[in-house]
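Report on the following structure.
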């Protein structure tokens, strides 16, 4: 039973992200259709973002935004409080992984966009998006293919 | 950060991911993928990462789905696997 | 002005790319001067930085001035190792920009040329950034910039196989970059820092060094970087990508992208984890050197089986990556020096070979090796540069290729890794066979092979013009290659020789940087002599 | 008196012909100007080498460092001219002038194609030969050794036909293969063993290191087989394959420059890298002497069976090279001196034979020994020179060959090696066996009918063109003169073995 409590429950996030990542990677490699590969890719990338976000999670922590109801801000109005040590880190989730993941999301989407544009160009040349058919066409060669 | 809530969303996430990859109609797959993104955004909002959540909602669900539908429009809707 | 150098060399190509987008979306003639200007500014900046590093040691630069507390601002760090690589990236970028003057596929200047140059400059920004940054996550961002632009460049060619190769390159590249991101995530989870120096100081603590997370982080980063550098088992994307991409693109991708990934591996091994941590158990270095041996042999022998010239050269890149990874993992001083020096030598000779191959393929009409007949006679200058690159690949003394083998073999002997030394020698022999097979085809050509008795005697013995005509009627365009194509090629050949001749000073800079590298316990032999 | 003189003469001696190559290409269209450049370069090179002779003769070495830190700590590109280097350089540069004269006659006689390329690469290979002669450390030696293999490939494959292509392929496979396969690791192993010190000095590089007999054996074998231009048995078949080249190439390169570079490197390995006393202490040199002995006997036997004249001369060269390697591996003072003198004696003798073979081909188009009946009457001068050359190679009195063989035999006796002494004597007899039938056939057999006369016979009465006959007579006379005035060779070789 302690296996369940000690490993499974608190690390559920990490189990989930590994499962999602493997689903995505499986699709990227095994799927025949290029679009399905790209769907697998976006699942693969969002899983990593899930991992990063779950690093910054704290039990019972508030969102990392200083709003005026927050205890620290209220105290700081009183002259005694020292403005520099206002924030108590345990109250807030760690914002740094979140910031990093903004970049990762944008990267994921731009890669998806580039890949989709390329698959449209592949469709224009090979008239199919199935990998086995494309490879068959290449093996036959033909004028347009092996320039 | 409610653990029970997390576990439910994660299970749904895994289910939508598998469905999105198994369904043969690409348009359907795209729709399920956007559900997957919205669930992910819900999960992150609940975990305290608010900015990542609405970025994922806007970008992950919104723009990717638009890209995918545009590509399917220009190519073929049916996928062999 | 001079302390802003690290920023200048990144910003110049960035603004160049934006300027092209704004100034001349459709007009290639206006794009070319902007490209030259921005790349020469960044080249000048890198050279100035090199002299600064040589004279006064490593240079640190914090973007936005966030010096303290360490770890907030992104730190750019230039020491002996990456100063040299920066100069090479800028120089090779400039040479290839001149080479691809007439648009990506060397045809008539289509409207694609400016787009090609925008991607080209952004790729230069990515590569320069990867080499200069001192922040682990920033490396991921710049790796993505460089990868996205190289996907675009590969897909821009006219050949349909190029677009398919670009698609495969995207899939493999994303997996590689994501593994690197994951590795940095685990590092951050355990150490809470992203700045390389900071992580290193934390890993130096015994309880952190022993933790599982650091081990997982290292493996993930390693696999991710191996995919990006096409290390043997993970090289699937490279051959097609570099064979079917436009000629201008192969000139910048082949020499630099894989070498920069090798640099990232070495930077991570030395500056983030520390040589002491990485080489703590001899088992690792033994297995990786064995992997490198397999990479070298496989790359060389598959190259032997190739029929197309550019595909053969691409497989040689896979073998050369095996040299560098094996050298870095020999866990001794000369192995590391050899690996870093080989990054420079290999970049130069790959550039020289790919530029020459592009000209040959265009003028011989088709990439197959047996179509290159008689080319030495028609293009002596291009042939001469190709020969210099080939000799360097074989490892003939005055060229850079020889001296990198010189140090790598020495490292191999001192580390007692005899299979690695044997693999290096064997691959030089295979390279010799490969390139002399091409020399034979190109040298002999379709001369009247039946003895020399009856052809019209004339004083000099050079085949008379009408004879040359018979050779020239191959399908390829018979015109002489453009000056803007030949000049960078000659410069590349000269670079190969210069890297060889000045290998002494280069190695001194590298050894100085290695001496200065923070190292822990077991690394004593690494930083020793 | 300072024993080391720093002057850039050795560098200019090397560069003289290297710089001539582009000038030759420039004058590609005007043959006379092109030939004039070749001669000018030859004379300049010979002059520069002679200029250094006085210094070297009174025991001093000329040193010059071209690029300081090229190979890391102690491996710059360095030139060092000592007795051995000077002897070989004199032989190579003097014979280049004679060969250029011969080449002009030969090429014009047969209207060869792409002569500019031929002369340009000829000049480059000569600069590589001198580079090896004057090399100051192992790295420079290896650099010019590789340069020589590569610059001679276009010469070997000059005819650009089927056999030239396959001959060139074997030629390169052996030379580049063994040099990268064996010489490079041996070179780097020495570099590692001595901590970076690989320049040649009075005593061997490895003398100060703690190298064991096993390591010494492997290293010595790697070096000797790495420098496969010395033509030792298992790696010799590139030499007959290179006979596909035009005769001036096989004359100068495969009788003088290329093969002597191989032997020169072997002598450098014995005296410069290991040092004679280290070798005698380790006792590993006897293996090399057995290999060389076997090569001498086997090649002489094969030479007897060869009908093609040039192939017979090729195998005779392999035998003579093995003489020199055998002499050095005996490690006795006189034997080493004899082997150095044999470099010069054999060079003059063998080049005469190759010139005659070429002249016969130009004059009559005949290549095979069986076709040489009665040629003595038609080509008296050529066949006389052939006879003198044959005498010199077999080592009979009126020619220089005798002196060097005498020293070799003396050295063998001094080294108490009766078996190897017997090898020397038997092989001299065998030399006679495969040369004298040719002379007999040429002078005492009735000529077979003139038959078809291939081109080039347009000129005087059956003799080859003057430009071919004059050089071969010069070298024949030279080999006789060497018998009477060996003083210069003796002093130069004594310098090297003076100490030991």
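A, B, C and D label the chains in the order they appear, each numbered from 1.
Quick note on the criterion: a residue touches a chain if its C-beta (ideal position, glycine included) is under 8 Å from a C-beta of that chain, and two chains touch if they have at least 3 such contacts.
Here the structure is a predicted model, which is why all the values come from computation and not from measurement.
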Exercise for review: Pick the chain whose C-alpha centre of mass, unweighted, sits closest to the average of all protein C-alpha coordinates shown.
Suggested key: C
Study note, to complete from the structure: Contact tally winner between A-B and A-C is A-B
Revision key, fill the gap. Relative to subunit A, the most remote chain by C-alpha centroid is chain D
Practice item. Could you give the separation in Å between the centres of subunit A and subunit B, each centre being the mean of its C-alpha atoms? Key: 11
Review point. In whole angstrom, how far does the Cα centroid of subunit A sit from the Cα centroid of subunit D?
Key: 71
Practice item. Please report how many Å separate the Cα centroid of subunit A from that of subunit C, as a whole number. Key: 30
Revision key, fill the gap. Taking each chain's centre as the mean of its CA atoms, subunit B sits from subunit C at a distance in Å of 38
Practice item. Could you list which residues of subunit A touch at least two other chains? Key: 97, 119
Check your understanding: How is the touch graph of the chains shaped: line, ring, star, complete or other?
Key -> line
**Study point:** All chain pairs that touch each other
**Key:** A-B, A-C, C-D
Review point. Which residues of subunit C touch subunit D in the complex?
Key: 391, 394-398, 403, 405-407, 409-410, 413-414, 421, 425, 428-429, 432-433, 436, 440, 443-444, 447, 449-453, 455, 457, 459-463, 500-505, 507-508
Check your understanding: Considering the complex alone, what residue numbers of subunit A touch subunit B?
Key -> 9, 12-13, 16, 19-20, 23-24, 27, 31-33, 35-36, 38-40, 42-43, 46, 49-50, 53-54, 56-65, 92-93, 97-99, 101-102, 105-106, 108-109, 112-113, 116, 119-120, 123, 128-130
Check your understanding: Which residues, counting only subunit D, touch subunit C once they are in their complex?
Key -> 28-29, 31, 67-72, 76, 107, 110-116, 139, 142-143, 146-147, 150, 154, 157, 159-162, 165, 168-169, 172-173, 176-177, 180-181, 184-185, 188-189, 191-192, 454-455
**Study point:** subunit A-facing residues of subunit C, complex
**Key:** 137, 141, 144, 148, 151-152, 155, 158-161, 163-164, 166-167, 170-171, 174-175, 177-178, 181-182, 185, 188-189, 194
Check your understanding: Of all residues in subunit B, which touch subunit A in the complex?
Key -> 1, 3, 6-7, 10, 13-14, 17-18, 20-21, 26, 29-30, 33, 36-37, 40, 43-44, 47-52, 55-56, 59-60, 63-64, 67-68, 70-72, 74-76, 79-81
